[in-house]
Each structure stands twice: as structure tokens, then as C-alpha cells.
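Notes for the one structure printed next.
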Amino acid sequence: MTRRTRLFVAALGGTGLAVLLVAACFCLPRFGGAQHPYGDRVVRASLARHTANTIASVNFDQRAFDTLGEMSILFASVLGTVVLLRQTRDEHRAAPEPEQVAVPVRRFALLVLPVAVVTGLYVIAHGQLSPGGGFQGGVVLATALHLLYLGVDYRALERIRPVGFYEIADALAASAYLVLGLAGLVAGTAFLANFLPYGTFNTLSSGGTVPLLNAAIGMEVACAVVVLLARFLDQAVEIEKGGEK
Amino acid sequence: MNGWTVAATATLAAGVGAAAWGVATGPLRRRVVAQNLSTSLACPALLLLSEGYDRPSYVDLALLLALLGPVGTLVFARLLAEDLAADPPRAWGLTYAVAGFGGVVVIAVCVAAGPGRALVKLLVVGALLIGGNLTASRALSGGFAGSRRG
Amino acid sequence: MDDPLIVVALVLVAVSATAAVAVRDPARQALVLAVLGTVLAVLFTVLQAPDVALSQLAVGSALTPLLIMLSVRKVRRPQRKKEADR
Amino acid sequence: MSVFPYLVAVWVFLVGCYGLVTSRNLIHAVGCLAVCQSSTYVLLLAVGYRDGATAPVFSDLKPGSRPVVDPVVQALALTDVVVGATVTAVLLALVLQISKLHGTVDPDELSELRG
């Protein structure tokens, strides 16, 4: 198919899709309407289970099975990236050269790094209370580590980031989520049911299994992002085409 | 709507809107500066919104943006160092103006919040916001030597 | 209640999404995508979804740009090496 | 106002699709796909919004004192934002493989290579 026919077909399909989507918009419930039957029920259920952040309650309690699916997509995509970006036989590793970074930038990076790590842990730990949770905090933690690459150089990052360790931790976190789900079965309820005591409303230990599942997801996301970025950094910085020199 | 949300609307429409325009057009040196300023303008807007909605927990958003916005700019400064070395950005007047605006917003929100734990968090956000903005600008205008790799 | 605020945020999202598609160079597109991420986070805050906004900030401000810029660097490098050899 | 947010979501989705079809660089195409993804978040959150309501996060709010928006759609969008980023990473890894094998990331040149 030539470029022109392809564009023509795409324009035809796009116009049809646009008409259908716009027509569908006028059939949706009014923006800002007061009718939210599921939302109202979820909020009631979440308050009954002493979880202050309703969204965390949906993610890690009422729809925890759904999150298991999301987590397996995450795990599969990390696996896919690791397989796709492995070092092939016709490539070799070249040691990265040290980077000259301006002093204020380097100081800023080294100063912000611990602050970012603490913020990441804070966001994970308060997931069931205030906005945040494992997904967000995990990304912040992983990004924080890469300040070393941005502010110092790649060798500094490699020293504190044994990729094998993060790969194992990633798998451990994924299985921790499963084990917590199975623990529900052992306790005599259902898979991924909230079987722990709910605790006092609006404290760190409230919500039963929510903080535990939240922590497992936080660890999973942080390790997954570190492993992903490690593969990309390897490709962009170290691995070069050509045989062993 | 109250005064806080009106101020946030103005910041978004004028400030972030201009930054979005700046990042989409013009030479590379203008685009990177616009990207840096977009985060340092959105952060005060988030603080204003938190105050306007009367929800102290929304301050976490501003905290995260003040923390990660400069990191994003460092990414570009680092990986575009060679392109930027040929044509470094020179927009210190604008950068200081935006940093000053961020400072004013942080002080206003601090006054409204009053003493307490919330104040400490707001001050941390303010320090990260202004320090991050200035450091990221410094990194853009020749913070990296632009070596071939590393 | 906050209609003008929502409209401004929506317009900003539409404009930066259009710009992200119209800018054809991947490195410059990554810059626009970073701004799009920030603007989306503001829109989510305005729509009273701070959790989603946090997610978007964490991903959009540093992670996605880093991934794209590293890919651009890797794709560009063989070409640059050829030029250096010449 | 009652459909404007939905229309913005439709616009963002279509503009992303247009970019995908006309892209001459696979990395740019992956970026366009990220734009398409973001349209779904806009649509979901617009469906869950309620006039004059606030977020259903009760750490700094007395339950029942203010109306709250729908948390279900937020939970859906929240996980997808992070998972979508890792899927973007897989696509970029595929692009890197293509660039290694064929020395180009232009989809048109790639289809010429195949013949």
C-alpha cells in the first residue's frame, strides 16, 4: 500500500470514528452530574473499612483482584524489556567516561536525592490516608536513584544499583502480593479479601490489608522502574555495536 | 470560586499557557527554558489550588512537582548537552521573575496556613521550587560538559 | 463552581496534546510531552483526582522524558559515529 | 459545558491517532500513542466528576461534610498511568531493536525494506 492510499484509508476511518465518538459524547451522563451510584457505594464501603483514602480502598481492597492484573502487566512489560534489550553477541560494553558536571548542579542532585527518597517512602506509607500510594511512590523512589546518573555520572549510579538485586526484589514483591491474597484463603475468607482488623480510622495502620498490599505494590513498581531504566541506560551509555575488542 | 482559585486560573492561563506555546515553537534553547518554567509555574498554581479548595493534603502534589520538575529538566540538560552547548539558553531575567513569583505564592500560602506542621511542608516546597528552578536553569546553560557519552 | 478553571485546564491539555503530535523531532516532542504531563496533572487536580495527578506527575515529569531521550540517544549514536569516522 | 470535557478527550484521542498514522519516526509514534492514552484518563475522570465536589480522601476532611467525586474511575486511571508508562518502555525497546536490525526508524523505509 502506498503512503497516499494509506493516508486516504486512515482519513476515511478517522472521520467515521470522529462522528461516532462525538455522537457518543452527547449520550454520556452530563459532565458534573450528581448521579454516581457506584461512587457513593464505594465511599460507604471504604469508610466502613476505616480506609481514609477511598481510592486506595478501591485499588487494594474492593478491587484488589484488578490491581493484581495491572501488576502482572507491569511485571510482563519489565520481562519483555529485559529480553528485548539484552546484550547480543555482536555487541560489546564500553566503559562510560566520567562526566563533568557543574558544581551547583552536582550539589543540588546530591542534596535532593535523600529528600526524594524520603518523599517516595512517605507517599507509599501514607497511601491509605492521603493522596498517594504504591504506584506513585514507587516511581518517585526509582526516579530519585537516577538523580545519581543525572547529577554525577553513570558509574556512580552503577555502584549503588546492583540490577540483579532489583530483579529479585521485583519478583519477591510480585509474589508478596499473591501470598497476601492467598493468606485471605487461609484465614477462611476469599482470595485478596481484607481479613485483618481494620484498625483506627485515619492512622498509619488502618485499613487491614490495604497498607500491606500498598507496600508490596510500591516495592514492585520501584524495582520494575529501576530495572527498566537500567536496560535503557545500558543501551544508551554502555553497549555498542561491534565484537569484543 | 474564591481569590485563590482565581489566582490559580490566571497563573495557568497566562503562565502555563505561555510556557506551552514556548515549548512548541522556536529554537531548542527557548523550548528547554519553557519546559523548565512550565513546572515552576504549575507548582505555585497547585499550591494556590490546594488553598483554594481548602484541602491541605493537595500540598503533596506541589511537593512532588517541586521535587521532580527540576529532575525532568536535568534529563533534558544532560541528554541534549551537545545541542545546547552550541546555542545555550539565556533567559535569566525570566527565570528570576518566575522564581520570584513562586516565592510570593509560597509566602502567601504560608501566611494563610499559619504556624504548624503544614508550614514546614510548605517551606520545604518553596525551597525545592526556587532552588530547583535556578539549578535547572544553571544546568541548561552549560551545566554539563557535553562529553560523547557517560 | 469552578467552571472557568476546568475550561482553562482542558484547553491547555488540548493545545499541548496537539503540539506534542505536531512537533516531529522526537527530542523536541519529549519536551512537549513533559509539559503535557504537567498540564494533565493540573487538570486531574482540578477534576478533584489528586491520586491520579500524583501518578501523572511521577511518571510524566521525569520517567517518560528519560525513557524517550535515552532511546533517541541510542538511535542517533550509530549515525553520529559514522560522521565521526568520515 | 456539559459535553466539552468529553469533546476534549475525543479531540486528544483523534489527534494522537493522526500523529500515529502520519509519523515518520517510530519514537515519535510511541509519543503519539502516549497522547492517545492520556485521552482515556481525561474521559474517565470527566465521567466521574461531580459539580462542587471534592476528592474522596478523608485524611483532612470530615466524612459527609462535602460531596465527593466518584473514586472508582480514579482508581482505574491511577493504575493505568503507571502501567502505561512501562508499556511505553516496551514499545521503545522494540523500536531500539528495529533500529539495530534495520538501521532506520522510519516506518516508510522499513516497509520498503520488506519489499
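As written, the chains take the letters A, B, C and D, and residue 1 is the first residue of each chain.
FYI, contacts are C-beta pairs under 8 Å (C-beta built on N, C-alpha and C of every residue); 3 or more make two chains touch, one makes a residue touch a chain.
As the structure is a computational prediction, the values presented were derived from the model and not from experiment.
S.K.: Of the chain pairs A-B and B-D, which one is connected by the greater count of C-beta contacts?
M.R.: A-B
S.K.: Taking the mean of the CA coordinates per chain, how far is subunit B from subunit D in Å?
M.R.: 24
S.K.: Roughly how many whole angstrom separate the Cα centroids of subunit C and subunit D?
M.R.: That pair's centroid distance is 11 Å.
S.K.: Could you state the distance in Å from the CA-based centre of subunit B to that of subunit C?
M.R.: 15
S.K.: Can you list every residue of subunit B that touches 2 or more other chains, as numbers and ranges?
M.R.: In subunit B, 53, 55, 57-58, 60-61, 64, 68, 71, 75 touch at least two other chains.
S.K.: Which residues does subunit D have that touch at least 2 chains other than itself?
M.R.: Touching at least two other chains: 1, 4-5, 18, 46, 48-49, 51, 54-55, 57, 59-60, 68-69, 74-75, 78, 81-82, 85, 89, 92, 96.
S.K.: I need the residues of subunit A touching at least two other chains; which ones are they?
M.R.: 53, 55, 123, 130-133, 135-136, 139-140, 143, 225, 228, 232, 235, 241
S.K.: Draw the chains as points, connect those that touch, then say whether the picture is a line, ring, star, complete or other.
M.R.: If you draw each chain as a dot and join those that touch, every dot ends up joined to every other.
S.K.: So in the complex, which bits of subunit D are touching subunit B?
M.R.: Counting only subunit D, the residues touching subunit B are 54-55, 57, 59-61.
S.K.: Would you pull the subunit D residues touching subunit A in the complex into a rising list?
M.R.: Result: residues 1-7, 10, 13-14, 17-18, 21-22, 46-51, 55-60, 63, 67-72, 74-75, 78-83, 85-87, 89-90, 92-94, 96-97, 100, 108 of subunit D touch subunit A.
S.K.: In the complex, go through subunit B and note every residue touching subunit A.
M.R.: Its residues touching subunit A are 57-58, 60-61, 63-64, 67-68, 70-71, 74-75, 77-78, 124, 128, 131-132, 135, 138-139, 142-145, 147-150.
S.K.: Touching residues of subunit D toward subunit C in the complex: what are they?
M.R.: Contact set of subunit D toward subunit C: 1, 4-5, 8, 11-12, 15-16, 18-19, 23-25, 27-28, 30-32, 34-35, 38-39, 41-42, 45-46, 48-49, 51-55, 57, 68-69, 74-75, 77-78, 81-82, 84-85, 88-89, 92, 95-96, 99, 103, 105.
S.K.: So in the complex, which bits of subunit C are touching subunit B?
M.R.: Per the touch definition, subunit C meets subunit B at residues 1-2, 4-5, 8-9, 12, 15-16, 19, 22-23, 27-28, 30-32, 34-35, 38-39, 41-42, 45-46, 48, 50, 53-54, 57-58, 61-62, 65-66, 69-70, 72-73.
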